[in-house]
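Same chain, two partners: chain A is paired with chain B first, then with chain C.
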Partner chain A sequence: MQLNKHRNIASALAMASCSLVGQQAQAVTPDSTLDDWKIDAALMYYGEQDRVQAIEAIGNVQKSFGDTSLLDMKLVVDSLTGASASGAVAQNSSQTFTRPSGNGEYTIAAGDTPLDDTFHDTRVQASANWSETLTPQWKVNGGLYGSKEFDYMSMGLNGGVERSFNKDNTTLSLSGSYTYDVVDPVGGRPVAFSAMALRKDYDTEAQFKAAFDQTRLDGSDDKSTADIMLSVTQVLSRRWLFQANYGLSSVSGYMNDPYKILSQVDDTGTSQNYLYESRPDTRLKHSFYMMTKGALDSGVVDLSYRYSTDDWDIQSHTLETHYRYYFSGNFYGQVHLRYYQQQGADFYRPFLVAGEPLPEYASADYRIGDMNAYTLGIKFGQRLAGGHEMSYRLEYYQQNPENNGTQLFGQLQNYDLFPQVKAIVAQFSYSF
Partner chain B sequence: MASPCELLIASFDKVIASEILAVAVKEARRIEAKYSRFITHNPLWQINNSDTNPVAIDEETYRLLTFAQQCFELSDGRFDITAGPLMQLWRFEDGNQAKLPDNGAIQAAKALVDFSAVTFSTSTMVMPTKMNLDLGGIAKEYAVDSAANLIANRWPTVSVLVNFGGDIACPVARDNQNPPWQVGIENPDDLDKASAVLQIRQGALATSGDTRRFIERDGKRYGHIIDPNTGFPVEHAPRSVTVLAQNCVMAGMLSTMAMLEGSNAESFLNAQGVYFKVYR
Partner chain C sequence: MNKSVIAIAIIASLSACSSLGVQPWEKDQLARADMALDAEKLDLALDDHIYFSKEGTSGGRAFAGGGCGCN
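So, the complex of A and B:
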């Protein structure tokens, strides 16, 4: 055994060296063993006025292995309740709808925007990512993702490679991901453009049930998404950097929202039927992103712009900025502004007109219609002893859906078919 | 010191930073002027040319000799600052043009190497004729510690990382509010590239190795760490050894001694209870 041969001379050498350099001996610990765990925990509340409310708990654990490997694991649990717009238009008399499960119905008062209040779900998401620095120039990463909620399951994997040039001043990265989702809607998948079966139209529950089943397909359906992104980051100066991305995303499979419907109205604007929506089963999306970020004397600022376009004809522009100001070394305040503008999908229809031929695809989901939205946010963060950090975030979000040029007639002119959605987000985070 | 030197200073104050820099430059130049064997008529030259006559030494030289003596004893004679005559036979700076010294010359030089033959007191030293001191194995690390300590004494709250050609000291701890200093360790297979990054808040690092100074002949690589007992480069020595310790002379000595251990470098370092990185 070689080990026995060696005596410990380190302490004798320590004393000898201290008398040479005249310095007290101090304990030294390689820092990497102390600081290789990082845990973030956050609690977030998202609430839309009179609509969806969500509470989300987020846990993130990072662990570094040596100097080159990093494992990042994230767990998110959220609980959603509340109502969301079904897509049907407001009317001057009350409207009764069949619940998505086919069991029961709900009634919307005259003049109100029809909201489906059955929305209630708990979602669990977990992801793990590994990144590995192969050489000072090359980095690779890979990860897995999974999420599950009552009627939806998603699984994905991703990977990327990063290469730095120019003494690390330029970084090129290429990443890709593949996601496979399974949709299993409550009550089955609606047959596209079938009319919602309503109890009042049938004499018996059995007749209604038979009619309802006619509008439904058994079993689940799936969707797969492949994404690829090319990114370049350039350090411009000691204080500024610039990043540009191009992303391509291809989705195929079931993309209908099984809980969204369209009102089919007559020439007085009165609803005759509620039809289940129909969307294409492929979507190809391109996005371009540019961001610049700078370190100021007492803060950090970033400014970004994103343009996205797809073959559903949805085009969007996003302008976003964050400005962080350090009141002291340990306390900062941050302002967040975001403006979003979207041109809706070519098959977006606020409603359909009875007697006119059905289009190939149609959806009244305001989220794929014309709209603009803005976010105003503030955040405060405080660094505590021992490297812990606490932060609070409060944001106001407002979505302003717009008419895409559809002519309103009859009683439809009396109602706001494009109501605003207002929401607040509050988040408390702690990292240690 | 024939190598790039740099200081990393955790301060936004330009005045303080330039004062710190000036202190470091002055101290490095002072030590180089005093102990470089490439400068004639400096204190080291006086010693090497004393020819058995007693020569006056100052307190600093006494401390360096005392440390060298302790290292000589702790390494069982393997670390010897009188190995100058042997070192001169191995012309590593000539690279692949270098001639391997012949055995006779090595044996003759070996006879001149023996630190135990040197006698010294706080104010004088006596050295046998033709014997030669080479402080190359200590002086750079000593300059790092000395400059770092001068800075730490004058600016006790500013964390500074002193790096003289890869020998590094950081006596004032970098606080937890800031990321630790990141120190890359050179990859012997790809010089000027870091193969590992160490994070230090306080302490010192030194690296020994044959990555830059070696002779290759008939497929055999002769590293520049010479074992005074054999007169030849140590066999099976690692390509490089990096040690983290409380000061740079200690780190430097442990890394050199590990190289001198040859194939036992890792077990030697394990026995020392220090953090280290070895490339083979």
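So, the complex of A and C:
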């Protein structure tokens, strides 16, 4: 009791002294300059209503060597479970699907959106970056990246150069990265547009297995991603800065989602087959990003806009803002708002119609369909003794998929083929 | 059309750079830790991972990247 009382008095005194010193006090951060190690750690929970749940732990270590060199290392471990939309449409009778491995099946009740509940994975990711200030004007950086999950492996490297002009008020940077991914799906890679083999259609397990194997390709496949980014950061005034980025990303290789299917329906909207999806094997993306950030007397605010377009015809607009307010020198609250709007890929199809010729590519994955999404978040942070900081974040994320203009007929009109996805994000972070 | 408008806006902002800015001794507010572009590095990394997994586009602030089979 006594101790607590003292602590309360101490913190009250600390707060009082901060308010005496004035608003400048919040700018004082007794951290990295005094100590050349900086560690940030966070634990995040992401949970969708009735769908995917994820726990992600992240640790970042920064070590400076003199005034010119900085090493940044990051380790991420995440674990996913739960169900995700398979791409098949809801029906007025129950539907049975073969699991991706071919071992076992699962049944979805009449009227429900088909979710594949086999989804579970653990992922480990590590990266290291080195940054070196060569002269007051020139800075270079380079890094390595690797991640591994059960059916996916990724390795990458990146590098960049930065030049400042105009008394350090303008910074131009050019950076690039290359990532090589290997995909090795559970049960093998599905043959594009092959029909899912279903146990009920075969007399024996051997016949079913033979039919299932016909829908699969042996071995793994790969994907390469090359990114280039050009960035300019400009100091606008004593309190405001502006950043503009242009990013070009070229992806080639295996881009199908091996666990997604499309329903092939007859003219009454009744599913006849489930076909594995087929996506192009190249994609070229452009993004334009602009952000302005301001130092306020009692906080900090940023506002950003991103426009993205690609040769799959996916276009998106993203508006995002964070506003932080310091209740005292050691305690702040922050609001986060984000709005995202996406026009889907030209090959996005909510379903296929039996008897019509197959398109060259098709996917019913709602994530590349038309949609909008928003995020509402709050965060509270507290500065502790010795430069430590603790923060809590709670966010709500909602996706609203939309029909891309496809005409619904028969029983398809009775169901919500574009259901909303609602998720909660909770996070605890600690820095020291 | 949209692309060219944005390109012109970026070029215009670049050409205006030389006349903008403050003196080195006027950078006190900009030097605040919470004004760093990566001030909330872990939040940004976690957000990027969520949106990369759940939406059709990624990148912009940083590389669009590979490294995940989710989109």
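Just so we're on the same page, the second predicted complex is superposed on the first by the 398 of 432 C-alpha atoms of A that agree within 3 Å, B and C clash if a C-alpha of one lies under 4 Å from a C-alpha of the other, contacts with A are read in each partner's own complex, and residues count from 1 in each chain.
We take it that a residue touches a chain if its C-beta (ideal position, glycine included) is under 8 Å from a C-beta of that chain, and two chains touch if they have at least 3 such contacts.
On a predicted model such as this, the values are computed, not experimentally measured, just so you know.
Shared-chain residue A:R51: touches no atom of chain B or chain C.
In the superposition on chain A, the chain among chain B and chain C reaching more residues of chain A is C. When the two complexes are overlaid on their common chain A, residue A:H286 makes contact with chain C while staying clear of chain B. Contacts of A:R383 after superposition: chain B is touched, whereas chain C is not reached.
Looking at the shared chain after the overlay, A:N330 reaches chain B, while chain C stays out of its contact range.
Once the two complexes are overlaid on the shared chain, A:T135 sits against chain B while remaining clear of chain C.
Shared interface residues of chain A, touching chain B in one complex and chain C in the other, are 26-27, 31. Chain contact summary for the complex, chain A toward chain B: residues 2-3, 5-10, 12-14, 16-23, 25-28, 30-32, 35, 66-68, 135-136, 329-330, 383, 386-387.
Listing the residues of chain A that touch chain C in their complex gives 26-27, 29, 31, 40-42, 44, 46, 56, 58, 60, 74, 76, 78, 123, 125, 145, 147, 149, 151-152, 154, 156, 158, 165-170, 175, 177, 179-181, 183, 223-225, 227, 229, 232-239, 241-247, 249, 251, 257, 285-289, 291, 293, 295, 300, 304, 306-310, 314, 316, 318, 322, 324, 340, 342, 344-345, 367-369, 371, 373, 379, 393, 397, 399, 421, 425, 427, 429.
On chain B, the positions that touch chain A within their shared complex are 63-64, 66-67, 70-71, 74-75, 142, 145-146, 149, 171, 176-177, 180, 184, 190, 193-203, 244-250, 253-254, 257, 261, 264, 267-268, 270-275. Residues 2-3, 6, 10, 13-14, 17-18, 20-24, 26-35, 37, 39-43, 45-46, 49-51, 54-57, 59-71 of chain C are the ones touching chain A in the complex.
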